[in-house]
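Both of the next two complexes hold subunit A, though its partner changes from subunit B to subunit C.
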Partner chain A sequence: MARPRRKAAKSPPAALTVVVMRLYIAAGSTNSVKAVANLDAICREYLKEGYELEIVDVIKYPLRAVTDGVLVTPSLAKLSPAPTARVAGNLSDKSSLLLALGIKAPVK
Partner chain B sequence: MDGEANFRDMIRRFAQSAHALQAFDAGEVDAVVDPSTGSAILLGGPQSPDVATRNKAERALQQSNRFARASLDRLATYICVLDSAGTVIMTNKAWRAFAANEGMGAGVPEGANYLEACDNARGQERLDGLAIAAGIRRVIAGEYELFRYQYARASPQGRCGFAFSVRGFPGEGAVSILISHESAAEPEHAHPQPTPRLPAGSRAPVSNRLLSALSRDGYQRLLGAGLEPVSLSCGDVLFEPGEAIRHVHFPQECVVSLLMPIGGHPATEVGLVGREGVVGFPVALWISALPVRALVQGAGSAMRMASAHFRKQLQENPQLQRELHRYSHALMTQVMQTSACHHFHALEQRLARKLLMTRERVLSDEFHLTHESLADMLGVRRAGVTLAACALQRAQLIAYSRGNIRILDPKGLEAAACSCYTPLKDT
Partner chain C sequence: MSRAGKTAPRIPSKIPTGISGFDELSGGGLPRSRTSLLMGGPGSGKTVFALQSLANGVRQRREAGMFVAFEERPGQIIANASSFGWGLPALARHKLFFLDAHLSPATVQSGEFDLGGMLAILKRKKEEIGARWIVFDGIDVLLTLLGNPVAERREIYRVRDWLADNDMTGILTAKIDGGTSGAVQYGFVQFMVDCVIRLDRRLEEGVSVHRIEITKYRGSEFSTGEFPVSFGRRGLEVAAADSLELSHAASSERLTAGFERLDEMLGGGLYRGSSTLVTGAPGTSKTTLAGKFAEAACRRGERTLFISFDEAPEPIARNLSSVGIRLKPHIRSGLLRMYSARTEATGAEEHLQKLRSLIDEQQPRCLVIDPLSAVAKIGKLSTSRGVANRLVNMAKDKGLTTIITALVKGDDPQTEATELQISTIADTWIHLSYLVRSGERNRALSIIKSRGTWHSNQVREIVLGESGPTLTDVYAEEGEVLMGTLRWQKEAEEQARTLLRRTEFDHKQRELEFAEAETRARIAVLESDLQRQRDELALNSSGHEARNLSSSERESTLRRMRNARPAAPTVAAAARTKRPPTPGAPGKTGDGAA
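Let's look at the complex of A and B:
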């Protein structure tokens, strides 16, 4: 798995907030493939050009996962803007993913 | 399971949040990273690989299904897939748009039974519905590999022709049926005939020109007396020389060659019958056999009727008699012209004429004819046909590969054909 796989935000408009994420996967495994597809769909729908995503294959780079404190794959880490967040699993739960990425405000 | 308990324990020990544990319990975790050893462990083995494999297979199936639908939607041909009971499984975008406006089985949604809809068609669609339902049932039963049917509709823009083809293909367990449906040139419209005709709306809905010249009532009487659709394949022999003609055939899209064997020589083509005529017309003259072989050269559908029934109908139906007399004259002209042509014209010209005549009968610029069959039909050796075909190909009039012929330049080919083509045109 190549890394970084996608740097979508080349020169976003100044006002646009760029969401920086890192997705940890085990390349080729079912849930990882699902997670990539789910995240891709969310990014296309909600973030358009305003995101940077790095995909890390933990089978190839296990030490990166250890350094970043990632225990299971697939795992998504939202690095910026603050607050940071972690989501584990195949990202099929859309609403909790939107919540973690700060796209949807929590229901009060 | 020991392995699973160990992993769970490990995740619990190192997890900073409940997310990882939840995902693990939900079966959404592929690999676990052990921070103490710095290695990633794939959960293929201890986690039940069957589930993973099944998920993968399901995903692949869903994907291919989506792909199939998306591909079908892009096609301009109207496509519909039925199961072996006639239930509509899948339709494409063009079909849905078409069904919303007009056409056979208009508005049969996915999940409904197409055969029932055809059986219950009313009004203008009644006859076509019955013929189509009968054809589909034969494809389902495995009697036909392909069933083709042409019909016409009166619309505000004039009369429109439609070509309907039904094919069976093996699905899971039972056979599935693929129906494709496209607009076709309406033969009558393209070649108006000189005789006075009834108003267009009352025409019989078939592409065979003899049948379509009948009034709707006249056609319906023939249907009632046993006229039925059949699907003919390349190489089918309708009758042998001297053999009693059991059925008369009205070709729709198929092309039938009349071949005359002489002594030990391979049979030579003496006549070509397509949608403009009927195979076995001597039955009308109370003659039961011909000295020729009727060989199907281009596959497609035809309407057929038992000879005895046909004779009876002919006595009662002056309209049919008139059409048949006119056709017998046309066929005679064709036979006279070709026999003279064989004497005087070069092979290349004759080949061009033969290709043009076939094109006219199959209503397509592309058809299948092997060198062998062409050689037999033209009464020459195979090498001769190869040379003549090469010459036409060099002149960029046709493209020819492994028996598939594509006419690139009909006008040019007409110029290359012998003078016999013009009087034979449309006979």
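Let's look at the complex of A and C:
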């Protein structure tokens, strides 16, 4: 029902944690397209160790969104590691997204 | 006022909200398959209005609905509305869908978002339950999150188009901060939607007052201006029922106002369905009069509602029983319902609402409100006046025969005219007052007006006895009706005079009887005299004949002795005597002589 997209690191060391996320989008909407692109960029830059992302199209699977309590799209759920987090929006605000994901932004 | 006209075919059909008063105000409800905006400050009743429309849709037309809560959790909303008796939990299982769109404070925002996903969810749910209505409660919360005017507009248009595409009637609710800025806030939303309703809560002299106003309704006429709103057991209610046209049925049936003498003063009693105002200072027996009326109604077997302000039913029933008015048996039998309201507790509008639901429950034919003037104490006078007015009209609409009491300051009934102004709409106006004279305070009753009936213009004294109130006989002296001791004196005098007259009469009667008896006795004596005299007379005449007879016998003896022929007259004389003559005797004598 969803489109799982896995991108594992070449050889993840056992100590490294994999970030599990789920992105809810409304396929076709500008914000959703933006969100996918923004998240992709973030993952490439900061989650080199490994992450797991599932993208759910709410228009196709509305009941899934109801069950998960997702209303606005796009919206990202960080499922693990703890603490979990919710981010609403097209993920254009990088700093707040990194904060929510628990990633320390490199000080430039 | 109205934007109807040029585009007649586009007049939108309306969907009733089932909110009493609002559907009249808006000429049928909200625009069908269009969007309406409800604006109002905190606690002005936006959510109640929206939820009530939904619940009514399900209950009255089996139309399912959806409720999107941006601000509160659906659980809280359902719990808050439980006091309204719409049976929301049951409705929520099948016909109502609540979507918790409350964004958790933990949610981090990063960039723009839209409602595309949510509308997809709602579309799915709409198809599932067949919803016709949707409420977006607290759309302002969403707009705040969107954070920029462009996004706000875009999402509102998205919602509107979605409603139109899905043939849904939408209600958006939005908070405003009160004051005049309300008209400016959400300006674009107001332009976009087809109907804008403003709800308002404000304090007037320490009492919170709710108002509703339709500020925009595309393609429809609507009543302009603010209308009072009240919250009762069935929810929100708009006091728009002041229909311009009055149409009360006029009955010619007369009912007793409580007791016979008052009915006489009213020229035969009160008309059924009429309203009577009883004014008076404290202690002038207004309640007693009202109680007597209620008792009489119950005795006729008519359901009656007795509303009292600031006095509990028990003491009223007890106090009235001391003047012979027994209400308790009727309370037990359910014919009489007594309800006591505390004036400070709620606003005048709430009282009206409560009364309306009581009338619906009890279904009375007679109504007593004692005293309605208590309502004037609540908040602004103009509000109370409106409430009192509507109350009387409501009673008339329902055909109730009503007695309303009102406390007046001092002894001038005209002060009522400056307070609640019921006197102008009441059919009958009875005024009770104290008249102080000769060191006494007596209760007086007068009828100031009584529409459509002859009525007495006299001021009468009202007396409370063990068998209830009554009006005393009238004694007027030098153009003034006597009351209290003066009246009592007059009564006593009257009684003494009557007694004297009676005694005199009896005496005369006896005298005459005696005279008659005397005359009769005299007649009897005279008659007996007469008889005696008659007897005497008879005796006298018979004595004379006897004497005649004896002399003729002697004559015939003499003649026989002388052999003379008996004289013819002698025979005749003998025949006249009562003793039968001895016929043979003369013959024998003759034979003997021959």
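Basically, the second predicted complex is superposed on the first by the 94 of 108 C-alpha atoms of A that agree within 3 Å, B and C clash if a C-alpha of one lies under 4 Å from a C-alpha of the other, contacts with A are read in each partner's own complex, and residues count from 1 in each chain.
The rule we apply is simple: a residue touches a chain if its C-beta (ideal position, glycine included) is under 8 Å from a C-beta of that chain, and two chains touch if they have at least 3 such contacts.
Everything numeric here is computed off the predicted structure, so don't read it as measured data.
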Clash or fit, subunit B versus subunit C on superposed subunit A: clash
First (subunit B), second (subunit C), both or neither touched by A:31: both
Which superposed partner A:58 touches (first subunit B, second subunit C, both, neither): both
Which partner, subunit B or subunit C, touches more subunit A residues: C
Touched partner set for A:87, first subunit B, second subunit C, both or neither: both
Subunit C clash site on subunit B (candidates 23-31, 149-157 or 239-247): 23-31
Common interface positions of subunit A, toward subunit B and toward subunit C: 25-26, 29, 31-32, 34, 58-59, 62-63, 65-66, 69-75, 86-90, 92
Contact footprint of subunit C on subunit A as seen in their complex: 24-26, 28-29, 31-32, 34-35, 38, 58-59, 62-63, 65-66, 69-75, 85-94, 96-97, 99-100
Complex contacts: residues of subunit A adjacent to subunit B: 25-26, 29-34, 58-59, 62-63, 65-66, 69-75, 86-90, 92
Contact footprint of subunit A on subunit B as seen in their complex: 10-11, 14-17, 19-20, 22-24, 26-33, 35, 38-40, 42, 44, 52, 55-56, 59
Subunit A-facing residues of subunit C, complex: 99-101, 103-104, 106-118, 120-121, 123-125, 145
